[in-house]
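The structures considered in this document are given below.
Each of the next two complexes has chain A plus one more chain, namely chain B in the first and chain C in the second.
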Partner chain A sequence: MDSVEHYQAFFKTVEGTPLPWLETLRAPSRERFIAHGFPDTREEAWRYTPLRSLERARFTPSKEVHAIPSEPLDLDLMRDAYQVVFVDGHFSEAASCLEGLPKEVYLKPLSLALKAPGEHLAGLFENTETASCHRLEDFNRALFSEGLCLDIQPNYHLEKPIVVLHLAQQAHGLNTLQHRLRIAPGAHAHLIEVFIGHDDSPSLTTSMTYAEVAENSSLRHVKLQREGKASHHYSGLRLQLKRSGRYRGHLSSLGALWSRTEIHAQLGSSAECELEGLLLASGRQHQDVETRLDHCGTEALSRQTFRGIAHERGRGVFTGRIVVAPGADKTDAGMSLRNLLLSSEAEIDARPQLEIHADDVKCSHGVTVGQLDEEAVFTLQSRGISEAEARHMLTFAFANELIERIDPASARASIRDALKASLPGSDFGSEP
Partner chain B sequence: MSASQEQIDNLIHKEYKPGFVTDLEADTLPPGLNEEVIRAISQRKNEPPFMLAWRLKAYEQWLTMSEPDWAYLDYQAIDYNSISYYSAPKVKEAPKSLDEVDPKLIETYKKLGIPLHEQERLAGVAVDAVFDSVSVATTFKHKLKEAGVIFCSFSEAVHTHPELIQQYLGSVVPPSDNFFAALNAAVFSDGSFVFIPKGVRCPMELSTYFRINAANTGQFERTLIIAEDYSHVSYLEGCTAPMRDENQLHAAVVELIALDHAEIKYSTVQNWYSGDEEGRGGIFNFVTKRGDCRGRHAKISWTQVETGSAITWKYPSCILRGDHSIGEFYSVAVSNHRQQADTGTKMIHIGKNTKSTIISKGISAGRAENTYRGQVKILPGALNARNYTQCDSLLIGPKCGAHTFPYIEIKEPTARLEHEATTAKISEDQLFFCQQRGLSAEDAVSMIVNGFCKQVFKELPMEFAVEAQALLGISLEGSVG
Partner chain C sequence: MLSIQHLEARAGEQAILNGISLEIKPGEVHAIMGPNGSGKSTLSNILAGREGYEVTHGSVTYEGKDLLVMKPEERAREGIFLAFQYPVEIPGVSNIYLLKAALNAIRKHHGQTEVDAMDFLQLVKSKIKSLNLDEQFLYRGVNEGFSGGEKKRNEILQMAILEPRLCILDETDSGLDIDALKIVADGVNALRSPTRSFIMVTHYQRLLSYIKPDVVHVLAQGRIVKSGGPELALELEARGYGWIDASLNH
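This part shows the complex of A and B:
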């Protein structure tokens, strides 16, 4: 049985919903996936990211386990936040905490929302492009039945962050989630997504986040990917920034054996989009980040800052495309990607791309690939620090520049700890 | 800036000077491509059997390949059976000296500004002129012979130096490399052959002039340059074509081979007919150019000024195989009206301590699309490899596009790479500053554009640098508004 047939069998489990709009959304994706299957490296967008290991493994949708997860969930970043926990792709009411949620905020897991589908829910799913999808997005759409629904009323500032924790426990489990966010005009929200899993249980998590950030509203977003070392991870963000909408996002992609994160944003006039990200590929890890920013309106601003570290047999792949539509004058778009390549079996592939159809623009990108500064290593050694420790310190400092800017402090601390644990020579990682 | 708009319009409407047709009797094969055509080409050129076998094999491979579609280009499908694959000015016997060459041909070259006689005496540049499909005359042959340099048409080299052809032909760009390289290998009619023996510094700059004259023909030339140990050569290439409403195909292959400590400098000024303002006609330019630094300390440098052609698909590349070898790529690509250019380079680092530099300047005006596409690949073991890439795009007018698609693949931890790209228009501030000092808008634009391209122009040999600046003016003047 080939992989398409294998997954086709599970499509039926989510079919037959009484909601016509949901079926309209799923059906085209389902057909496309059956027709084309998984993408291969002959496709430009997947040139550097083979899916062989993902295709070979046969994942099955995880069963719902009602017990409270065995994993300790008292991560620093969960403190002082609304907590939504998904265990193996299922909402865990026991582990979640939504106490004190103001009435201006509609926040529900999709499975519960579907039981009483109101206008909120349909509204969150409208305006979704169904004619074309980005390959694995089709796979996700054909199978999702869980996720987060967030709708914030106009001019409401939700200061307390919402932490969405995804925990993968079941071996060979397939977890499919789709989050839908709508930030109404003038409103503000702060979302923290965390993916964690067991090192010894391979699983596949696909998670799509669709966010509509309306006029003058803003969204802050932090994503920490720390899946288990044998896992596969695919996640995507589809962002619509309306006039003067603002988005600030940080991505730390540290875990999983194979990981791909896609961030696609459409910027309306005077919108601002700031993306920062960190990729760490060690062992045999494959870390792929793809961004595409469409500047559709005038005077929009975008900044992308990414850092990649590849060591051992890790491979870091980065593709970043900036597209400026005709008439999107006064666009200001900048992208910077810096990489550390630390071992002779590691690899970095980068494709920074500019596609510009307007003339009154300022666009630039810069890429560097290099090593640690040997003089800096020497300076530290001359102060009595061992070479290995010196390298660890410098590598950490390289990544930490981005982590310093994460908000709130609790998320910053969590990500810093996760990074220290994953860096080469992590035994030196203890804080003084 | 309406005054400058007018001037710009004048410039845009400037006629394509080399767009005349020379009325010559030609020996042209009927349109179409099949084995018979290839046999006929080979027979007409009186080629040895190994060449025919090579062509037929390439043709077989071509049949199994499909036209690449990944470039940022939009053009009507090419009907490969409507093209005539061979057209030669009719001559009874091969000319023994310049005096025997058809005076009409010589006249054509004079119109193009390359008087062969004068060049022989004054310019000191040896020219091999390729007219449609055959090489017409090679000047300065004897002087080069004294130095030991072989510079002749490809068809001549096949007869006089078959061993070199057999050894090197297709060793850098094999027929199976890509669709257009396979087509070229099957039907190429002529081109230039250069061999610089050990330790020789070529006493003059070598030059080829390509011209497509006949209608409905394609031009498929092939250039092979071999520089032996410690040798040096600078090679110039220029191209023009008459104005016609149909598109004409040009699919060339250039192979460079540099051995130990050898240096090849290859400069191109490409001014094929670019089509009219509405995009009718113009040359489809699909070219495969590649240099192989086989020896230690070898150096290959590509400099190109691309102002012509309706479609440009061209990626001069360097394979840095030898330790300490150096690859360079300097490019100015200008597209105006409805021209489309997808051009760039590939630098493949294999040897230790290899270095490459890429400077690409794209200028887009009118409704043109200008794309830089490049690859830097550093393989494991290419210790201390170093690459610096800079691609800048200048946009003139709201309807053009400028795109940058670099591919960076690094598998060696001691490698260092820097890549920068910017896209912007000529800023109002710069223009204002110049105008404030008494320059006209037109002059200001021209000055700024020339400054933008300076890094590349300074790499060109003197006589080309002058031509390039003039061409840039012609291609762009008046396109600022």
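This part shows the complex of A and C:
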């Protein structure tokens, strides 16, 4: 049985929902996936990211009975936040906490929302592009049955972050989620997505987040991917920034054996989009981050700052595409990709791509791939620090410049710890 | 404390040191002067253990141990400190972090426990004040965006915290205005003690007006061509290095 046949069987389990709009959304994706299967490296967007290992494995949607975390989720970043926990792709009511949610905020797991689908729900699934999906997105769309639905009323500022935790614990489990966010005009939300898993349980998690950030509203977003070492991870953000909408996001992609993370944004006039991110590929990890920013309106601003670290036989791929539409004058777009190679077998491919169809624009990009500064290594050694520690410190410092900018502090601490644990060399002591 | 015997070294094919011998006793301050390209910085770098030089002859003994076989970090832990001519910027590693990591590495080497966080902060704050640096400076990346004078003062701060036994100052006076020079000199003078020695590498006499050396050596073409008291520095200042070169070529 090939992989398409294997997954086709599961499509039926999510079919037959009585909601025509949902079926309209799924059908084209399902058909495309059945006809063509997973993307392959002959396609430009997947050139450096083979899906062989993902295709060879046979993942099976996990059963809901396991929707209790196998260990307590004592993560710092869960404090002072609304908590939505998905275990093996299923909402875990026991582990979640939505207490004290204001009436201006509609927040429900999709499985519960589907039981009483009102106008909120249908509204959240409106305006979804169906033609331009690639087939991994199709795969997600054909199968998702869970996720987060968030709708915030106009001018409401939800200051407390919403933490969405995805825990993968079943071996060979398939977890498929789709999160839908709508931030109404003048409103504000803060979303923190975390993906964690067991190192010894290979699994596949695909998770798409669709966010509509309306006029003058803002969304802050932190995403930490530290799935188990044997797992596959695909996640994407599809962001619509309306006039003067603001988005500020940090992505740390540290875990999984194979990972692809996408951020696609459409910027309306005077919108602001600030993306920062880190990728770390060690062992035989493959980390792919792809961004595409479409400057559709005038006077929009975008900033992208990414850092990649690869060591051992790790492989990093970064593709950053900026498209400035005709008439999107006074666009101001900047992209900086800095990469660090720590071993001769590590590899990072960084591809900035600019496509500019307007005249009056400011677009800049800078890419570097380098090694640690040996002068700095010697300076640290000359102060009594061992060479291994010096390298660890400098590698951490390379990433820490971005981590220091993460808000809130709890997420910052959590990502810092996750990074330290993943870097080569021993821990070199506590923060002063 | 330090004994250099007939030291010869090269960088690539280029011979830079051509037989240097030098004895430094505890508490002594030695100035090494000389024109550009005479080998002053090479000597400092070899003592600190920087890569890129090949010692082809001679020996360096520090406190009875063969210095040249030790790694840079071992030398530092044993009490050797090089204040760099061009301190590098290390973005992302804060000053305070470096100071603490370095101090603890040295303490650990001597079988001591890690420094208490409060004691450490107090120590650093008192030192930083005497060097006329802002406290905020501690939380910035090492030398990141610092002025030339701030970088040099930062080297002295590190020296004051780590309390080395042998301090090597490589052209610490270069790029300093007179006020900064005084602050740096005061910092160094505060560290002088009967058990701590200094090697001050400098091009100009000016620094030696503030930090009085016991011995002045003149280095030219990779050799010590003249040694004397502080008056030698004044003579060099008055006559330039030309007469040294002229006497060598005869």
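What we mean here is this: the second predicted complex is superposed on the first by the 423 of 432 C-alpha atoms of A that agree within 3 Å, B and C clash if a C-alpha of one lies under 4 Å from a C-alpha of the other, contacts with A are read in each partner's own complex, and residues count from 1 in each chain.
Simple rule for what comes next: a residue touches a chain if its C-beta (ideal position, glycine included) is under 8 Å from a C-beta of that chain, and two chains touch if they have at least 3 such contacts.
Quick caveat: nothing in here was measured; it's all calculated off a predicted structure.
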**Study point:** Combined model on chain A where chain B meets chain C, clash or fit
**Key:** fit
Check your understanding: When the two structures are overlaid on chain A, which partner does A:Lys63 contact: first (chain B), second (chain C), both, or neither?
Key -> neither
Exercise for review: Once the structures are superposed on A, label A:Arg79 by its partner contacts, choosing first (chain B), second (chain C), both or neither.
Suggested key: neither
Check your understanding: Looking at the overlay, what does A:Ser364 touch: chain B (first), chain C (second), both, or neither?
Key -> first
Check your understanding: With the two structures laid over each other on chain A, which partner does A:His6 touch: chain B (first), chain C (second), both, or neither?
Key -> neither
Exercise for review: In the overlay, work out which of chain B or chain C sits against more residues of chain A.
Suggested key: B
Exercise for review: Once the structures are superposed on A, label A:Arg52 by its partner contacts, choosing first (chain B), second (chain C), both or neither.
Suggested key: neither
Check your understanding: In the superposed arrangement, does A:His172 touch chain B (first), chain C (second), both or neither?
Key -> neither
Practice item. Mind working out whether A:Asn400 is in touch with chain B, chain C, both or neither, as first, second, both or neither? Key: second
Point to revise | chain B versus chain C as contact partner of A:Glu347, first or second or both or neither | key: first
Study note, to complete from the structure: Min C-alpha distance, chain B to chain C, superposed, in Å, is 16
**Study point:** Residue numbers on chain C that touch chain A, as the complex places them
**Key:** 48-51, 71-73, 75-77, 81-82, 84, 87-88, 90-94, 96-98, 100-106, 109, 114, 117, 120, 141-142, 158, 162
Exercise for review: Spell out the residues on chain A that touch chain C in their complex, using ranges where they run on.
Suggested key: 373-376, 378-387, 389, 393-394, 396-401, 428-429, 431-432
Point to revise | Of chain A, residues touching chain B in the complex | key: 44, 48, 326-327, 329, 339, 341-371
Revision key, fill the gap. The chain B residues in contact with chain A across the complex are 70, 380, 393, 395-425
